[in-house]
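Here it is, the structure, as structure tokens.
Letters are used for the chains, namely A, B, C, D, E, F, G and H, taken in the order the chains are written, and counting of residues starts over at 1 for each.
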Amino acid sequence: MDIQKLESLLKSVQSRKMSVEDAIFQLKALPFKDLGFARVDHHRSLRKGFPEVVWGEGKTSAQILSIMKQLRSRGENILITRLEERKAKAIQKTFPKSRYYPRSKVLTHLTHPLKSGGKGVILVITAGTSDIPVAEEAALTAQFMGNRVETLYDVGVAGIHRLLSERKKLEKARILIVVAGMEGALPSVVGGLVDRPVIAVPTSIGYGTSFGGIAALLAMLNSCATGVAVVNIDNGFGAGYMASLVNRM
Amino acid sequence: MDIQKLESLLKSVQSRKMSVEDAIFQLKALPFKDLGFARVDHHRSLRKGFPEVVWGEGKTSAQILSIMKQLRSRGENILITRLEERKAKAIQKTFPKSRYYPRSKVLTHLTHPLKSGGKGVILVITAGTSDIPVAEEAALTAQFMGNRVETLYDVGVAGIHRLLSERKKLEKARILIVVAGMEGALPSVVGGLVDRPVIAVPTSIGYGTSFGGIAALLAMLNSCATGVAVVNIDNGFGAGYMASLVNRM
Amino acid sequence: MDIQKLESLLKSVQSRKMSVEDAIFQLKALPFKDLGFARVDHHRSLRKGFPEVVWGEGKTSAQILSIMKQLRSRGENILITRLEERKAKAIQKTFPKSRYYPRSKVLTHLTHPLKSGGKGVILVITAGTSDIPVAEEAALTAQFMGNRVETLYDVGVAGIHRLLSERKKLEKARILIVVAGMEGALPSVVGGLVDRPVIAVPTSIGYGTSFGGIAALLAMLNSCATGVAVVNIDNGFGAGYMASLVNRM
Amino acid sequence: MDIQKLESLLKSVQSRKMSVEDAIFQLKALPFKDLGFARVDHHRSLRKGFPEVVWGEGKTSAQILSIMKQLRSRGENILITRLEERKAKAIQKTFPKSRYYPRSKVLTHLTHPLKSGGKGVILVITAGTSDIPVAEEAALTAQFMGNRVETLYDVGVAGIHRLLSERKKLEKARILIVVAGMEGALPSVVGGLVDRPVIAVPTSIGYGTSFGGIAALLAMLNSCATGVAVVNIDNGFGAGYMASLVNRM
Amino acid sequence: MDIQKLESLLKSVQSRKMSVEDAIFQLKALPFKDLGFARVDHHRSLRKGFPEVVWGEGKTSAQILSIMKQLRSRGENILITRLEERKAKAIQKTFPKSRYYPRSKVLTHLTHPLKSGGKGVILVITAGTSDIPVAEEAALTAQFMGNRVETLYDVGVAGIHRLLSERKKLEKARILIVVAGMEGALPSVVGGLVDRPVIAVPTSIGYGTSFGGIAALLAMLNSCATGVAVVNIDNGFGAGYMASLVNRM
Amino acid sequence: MDIQKLESLLKSVQSRKMSVEDAIFQLKALPFKDLGFARVDHHRSLRKGFPEVVWGEGKTSAQILSIMKQLRSRGENILITRLEERKAKAIQKTFPKSRYYPRSKVLTHLTHPLKSGGKGVILVITAGTSDIPVAEEAALTAQFMGNRVETLYDVGVAGIHRLLSERKKLEKARILIVVAGMEGALPSVVGGLVDRPVIAVPTSIGYGTSFGGIAALLAMLNSCATGVAVVNIDNGFGAGYMASLVNRM
Amino acid sequence: MDIQKLESLLKSVQSRKMSVEDAIFQLKALPFKDLGFARVDHHRSLRKGFPEVVWGEGKTSAQILSIMKQLRSRGENILITRLEERKAKAIQKTFPKSRYYPRSKVLTHLTHPLKSGGKGVILVITAGTSDIPVAEEAALTAQFMGNRVETLYDVGVAGIHRLLSERKKLEKARILIVVAGMEGALPSVVGGLVDRPVIAVPTSIGYGTSFGGIAALLAMLNSCATGVAVVNIDNGFGAGYMASLVNRM
Amino acid sequence: MDIQKLESLLKSVQSRKMSVEDAIFQLKALPFKDLGFARVDHHRSLRKGFPEVVWGEGKTSAQILSIMKQLRSRGENILITRLEERKAKAIQKTFPKSRYYPRSKVLTHLTHPLKSGGKGVILVITAGTSDIPVAEEAALTAQFMGNRVETLYDVGVAGIHRLLSERKKLEKARILIVVAGMEGALPSVVGGLVDRPVIAVPTSIGYGTSFGGIAALLAMLNSCATGVAVVNIDNGFGAGYMASLVNRM
């Protein structure tokens, strides 16, 4: 259901071709076509302008397939995150053209070409190689949302010259996603080098007192650099989505 | 020191009117005119395009005055945050045209009119009335950075109709700052209603298990809404700055 | 042992047909028929008016069977929670008429029809689909305690219109159980919409800073809505039980 | 604004004496008569059936007086919680008939007699004498909401016979509020003795590892007794309100 | 090496039959007969009067066997705690007369009869059946140290009459070990009933906010009862040992 | 009320000179002579054999005086802990013979000489000089309970020879109270040197990551020494009481 | 790339045989020979004077082999930490002369003899036998960095004489690494006995309130001994590296 | 008491001019000249080679004066840390030549010139100006221990060029103390730039999620740079002492 349909419905109300009750009924019924276990929320497409994204964790292959079929029947592009490889393989039997990225556990299925939506480049940076899975989730999300994405991996602060030697790449980006575990210092340094918004993503990489990403999260929340905002630990998707919203502006 | 000065310096190097050593010397010496206790960082103006902001907490009135005089001598507009009323009064003796906002503990001093930089409206929302001081810090920062700012206060989720009745205001905003303490749920609801970036600011408002804002922070980091990024507890300035960066895009 | 038996025993004491010592002996001996590893507490039935519920976690199938047989011999209905599927299958060999709910890991065995005890409808609401197992534990518990139960799943706050479109269901309920993980904001919104008691159940659904349900728990404890009380993380049983106590009033 | 007014407004819409736009306008405008700093929410009275309660902490005397005057002009009874004695004295100059309870920091002002709403007795119990201020906040809230309230103070678990000797009082209550700091064990014991709902209130009483009430909170959330739900640390008001909702049923 | 040997050595020094250097050499060399990976500390037997106890966790069967052989060669009784069943079976091939307790993961091997050392009865109490493994570790340790031990299991505070009906058993005990998970309230109640020392043992039994025993630990540390001291979570051995030290007095 | 009175009462029941109801009435009424705000618990004296101790924190001087007068009228010795100096001075006007210890904030009032109850010496040890206030609370409590107490202060583990040079004192003690803040290592070392029970008391002495005594508490709970049990942070009274219970054995 | 190469490059710039741009290009290009997933940082060798160390955790065997081949081609000695045995076996097929230490999960491959770099002995001490894997990681790292290393295992504070009897070994060391879990007290005692720097390594050994090494970490950070600095939990490598830096001085 | 005295004492024993008992007596008696409340530990001077440092917090002026007089009588130089200005002024009446540093709350009193002990320069770096008090405590301690100290303040990572422009200063240092609050990232960056040991000092500077220095502490413990070890939050003294030990090597 797109905005045109909504407008025509409302005009039918205005012109009394449709009663208010019927209008309310249709508005309520349409978007929540109940699948028994999950409401696929077509309103979100109206509100955010992006297709629905499916969170794969904790859902069975059968549940995901059911959602995907409904979305496909509406001609939507589909992005599934946190999907275990085992489930991806089961899904690809029904959706053979879907593509699975095992490192970031993302699956995409396109029914029509992605539209370009972002105005500039989103740069995804990681401190270490272990942070790449989260970064890839962010990058794939941003690409799926219609953005050009570049990456710059393994430029952590203990070898600051590695980052500084890529300054052109930093300055070219319109918005930056900085992914780091352990001490989580990279967003502060990057935020001090650029005049663009930085989305910081703490990762659960580390051991001992990294406490599954809390050390990195705290460092990012306490950044002495300005222009840094933070998402949940390992939330590559959230960072990619946020950056996409900003890059459309 | 602005970009023009930097370029002419570099061209002098290229044309060998200035040795590389001298260039490096000037570049290093100029921006950090050492005040004995703090380096006023004029490079930041180069990098971010915004004037320096002074963090007032933990600095004496004398220290702040010294920084302000140097900034004024360069013709900069000045924003001071976290400034106790007692210090503000001392400062206003030397800077009588400066303006102090006691609720948010912000002081501004303008040497020239603020330039408009933002492209749209930044909307600052609070859940309760106790969150207003942090919201005002965000709003003043964004205004100081050249943005139009609107506010919508006391629309917390326990009376959801109060928020919903202001939907037009929500939809008009280009970027939203949502400030909430206690259970910190408001950014999730707002994020679900708009298709614009939401900067969430947890506040230390609450008691018992609010743990000085941790409850609100965790709620915001775990938001089920997309397009939400978070700053430190009570960090109105950081949210206003981040929103300003985005609103210039 | 029911209240009638207790009264007749006490009257025998009064009329000196039974010595006090004997009375005490019987009172003490009867209710704790020792199974070697667990005291099945028949006093609880006296006190609470509900049959014994067995906590399945950490007990072997053999231990559970032993308890079930004793309860069956007294003609009690049986509810077992947190029972792994593997153990349930072993138990169903001996209790073939028992029913197992794999999603919520609940097993029930009825020796006589459930008596209706609650005066109105208990509505069980979840924020997401992943919260359903905990919700189902609550719903089954309340049904087992003699209540009519309705459910409303996947109406989280990021799509607030989904909840609002079900307002009639909300208003019809006499008591509401609201189950949510991640940011745990749903009980606050629901609590603001109804004038009935809300039992909030945080779930361990989420990742990173959800900290296994702590984020949701804190949000619920700090709810700005009135009429909200909270049970332990994932404690669907506790919420169902509490709601049943209230619904009898 | 009461339900009658709402119904007549809606009937005016139905009979086309009022346009929908006007109706919406009135509905939105009326309830939020903006006081500049806080929206006094008259919808809440509609929804919950109780008058507005004002949270005194963090508000100035002037702000509270402004809210009280508006509420008085509508003929509402007023309850203010967390009000420092200094502010209470300032308020009593304008509201000389208001009554202040220094132990619990509660102020009440009655414009008409309290209506009896609850069906039975609410019993408020404390573990120690230091828990009484929180208990009193709960008791006053429940009385203000129209309930009969009894109290039983200083019956902590280390002297279990003190509690047991009051068993009649326990059994007479329709709902119980149990207030405890330190190890927070009392709700578990009480919950095991009665077949009525128990609202547990942890207090910040204690030292060292009581961590400002966390020890008591955790004990209550982990209660092995059934029929126990928990509110925030020191949240006597919340417990009194919840109990009032239940006691109306 | 026993005290007689030590005295004769020291007298040899006094009488100059042995040089001080030699004495020091022997004293240092004897007790630490190095096994390559662990120093079996025979001094401890001197100091505490109890035989060495071996902590089984993290040691291989081969390492444990090596230690056991050395201890056996000195005629010591052996107690091994936290020993997985798999390792116990391997050990019993070499020590067929040793006895393994799978519930508490304790293995004992006696080379001579246990001497009675304690003056009274040590009573081990649990709140629930799930706490029994930890209680059994405490009971076996105390028996091994020469004490008479009685047990009282599954008498948690939610059914306080179960505990009160065993009051004679409580009063007969010279020292009590109280084992509880979840809300950890039992030691407070027991401490209020007896005039004997109570050793409280929190267990990791529970879920959600029990946080692996932290809730119980905090409750015990904050006990409002006097005469209660606490050991580490699940530390049945430590409680049994402490009680044995006290019971010798 | 002492045990003789209780026995005579019970014999009156047995011989039917008193009805059971009257007996119950007297038993219940006598011990809880209600002071309005606190139940002075004379049962405790029956149960524990020690007089009542009053916790001074959070009580007004007037409340404490009221309790003291009632206790004095019964001829009890009185110990008040956590009493601020200001309150102590007010009390000493009415109880001029009472003695106040400002370092540990303890006040004692004797109506009859202390009876010796302990069989041996209780040794109170501190790691640093800052731990002495807590140690003194423990020492005074133990003395008040009738024990001989010795002290050994400032023998922390960073200068281990200071402790070792006092080995005789260690070995002479029948039970040891070890008080330490910061890293809390002293109980482990002492526990390794003696074959007597060690009561470990963490103190809130330290800064930064001492977290108000948590570091010391955790160290003590994780002690690799046997025969160590722990009380709450800064709980000198609890340690002194526990040691007194043990020393009577 | 070694310092000679860098100097000759810079002299080529000085003598204008190479343009600055080319120089920058080479400097940037050379050290980060991109392997696709990880930048092997040859600059680090320049900066620190030690060869690169590879963190094995989270890397596949194929990734590690690729890095190793590149390092071998440059004639570097290789140290890999946190390498699971399974991966080590795969690597040893290609690098048959490499040596794997299963206890500490370290693999070394030498292409040329280790150069001696340290001036004195580094002594690695553990509190218990369970701490040895972490200690071995430290010892192997220090040896690989060219130091003489001695070890002293299982000398925890509960048997303080075991440590004291090795005082000569302690005094001979130039720098000490002290590894301890549980209560983490050993570095404080060692720090009090020697006048040399102590690197403290908390381990995750323990249970219950050891919280995976937090108890030991806090104890070490709060050490009352001077000359103690701390690394992350289980970070044997970091301690060995730090000690090597110091021992070169 | 110095090493010469100790040797002559031991030779007197060897030559039987002094009995062993007398020797032990003197050794024990001499170093602990008991001041009643604190043992001034002259052994430490023997062991560490540095004079005693007095921790001023929690000691009264009178206590400190008593310690200072004893130390002065032995001709020792004195360093007092954490001394409030009020106490310093009281002390300076008796010790007029002592010098007080109000920013770092350090007082020094020299009875003889400081001996130079360190071999190179210790560089103390801070991230912000608010970290300077802690840095000054470190710097003064190191100077007092006989080291040349240089400082580099306010070079935090958000303006990384400020640090990089001081690279020569970094490279000249033999050991570096890096002091930072907020996100605590500076030690990682510095550790990546130098090949010298870095002592990292987290400070309690920050707000909200800085949690009084925990964010900075965790960042430092999780540093991806090698050669970094950490001391307690705000422990400037500990860092200065550790650096002094290393700089003597």
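Following the convention adopted for this analysis, a residue touches a chain if its C-beta (ideal position, glycine included) is under 8 Å from a C-beta of that chain, and two chains touch if they have at least 3 such contacts.
This structure is a prediction, so every number in the text was calculated from the model and none was measured.
Minimum number of contact steps separating chain A from chain G: 1. In terms of residue-numbered contacts, A-G and C-E present the same interface, as over half of their contact pairs agree; the other options in E-F, D-E or C-E do not.
With F-H and D-E as the two chain pairs, more C-beta contacts join D-E. Averaged C-alpha coordinates give centres for chain B and chain E that are 60 Å from one another.
Chain geometry summary: the mean Cα position of chain E and that of chain G are 38 Å apart.
Chain C and chain D have centres, each the mean of its CA atoms, that are 27 Å apart. With each centre defined as the average position of its C-alpha atoms, the distance from chain A to chain E rounds to 54 Å. Contact with two or more other chains is made by residues 44, 159, 192-193, 208-210, 214, 217, 221-222, 226, 232-233 of chain B. Listing the residues of chain B that touch chain D in their complex gives 129-130, 132, 153-155, 159, 161-162, 165, 205, 207-210.
On the side of chain C, the complex with chain B involves touching residues 127-128, 156-160, 164, 182-185, 188-189, 191-193, 206, 208-211, 214-216, 218-226. Looking at the complex, you find that chain E touches chain F at residues 44, 47-49, 53, 119, 174-175, 192-197, 199, 217, 221-222, 226-233, 238-239, 241-242, 245-247, 249.
Considering their complex, residues 28, 32, 37-39, 41, 43-44, 57-59, 63, 202, 204, 212-214, 217, 232-235 of chain B touch chain H.
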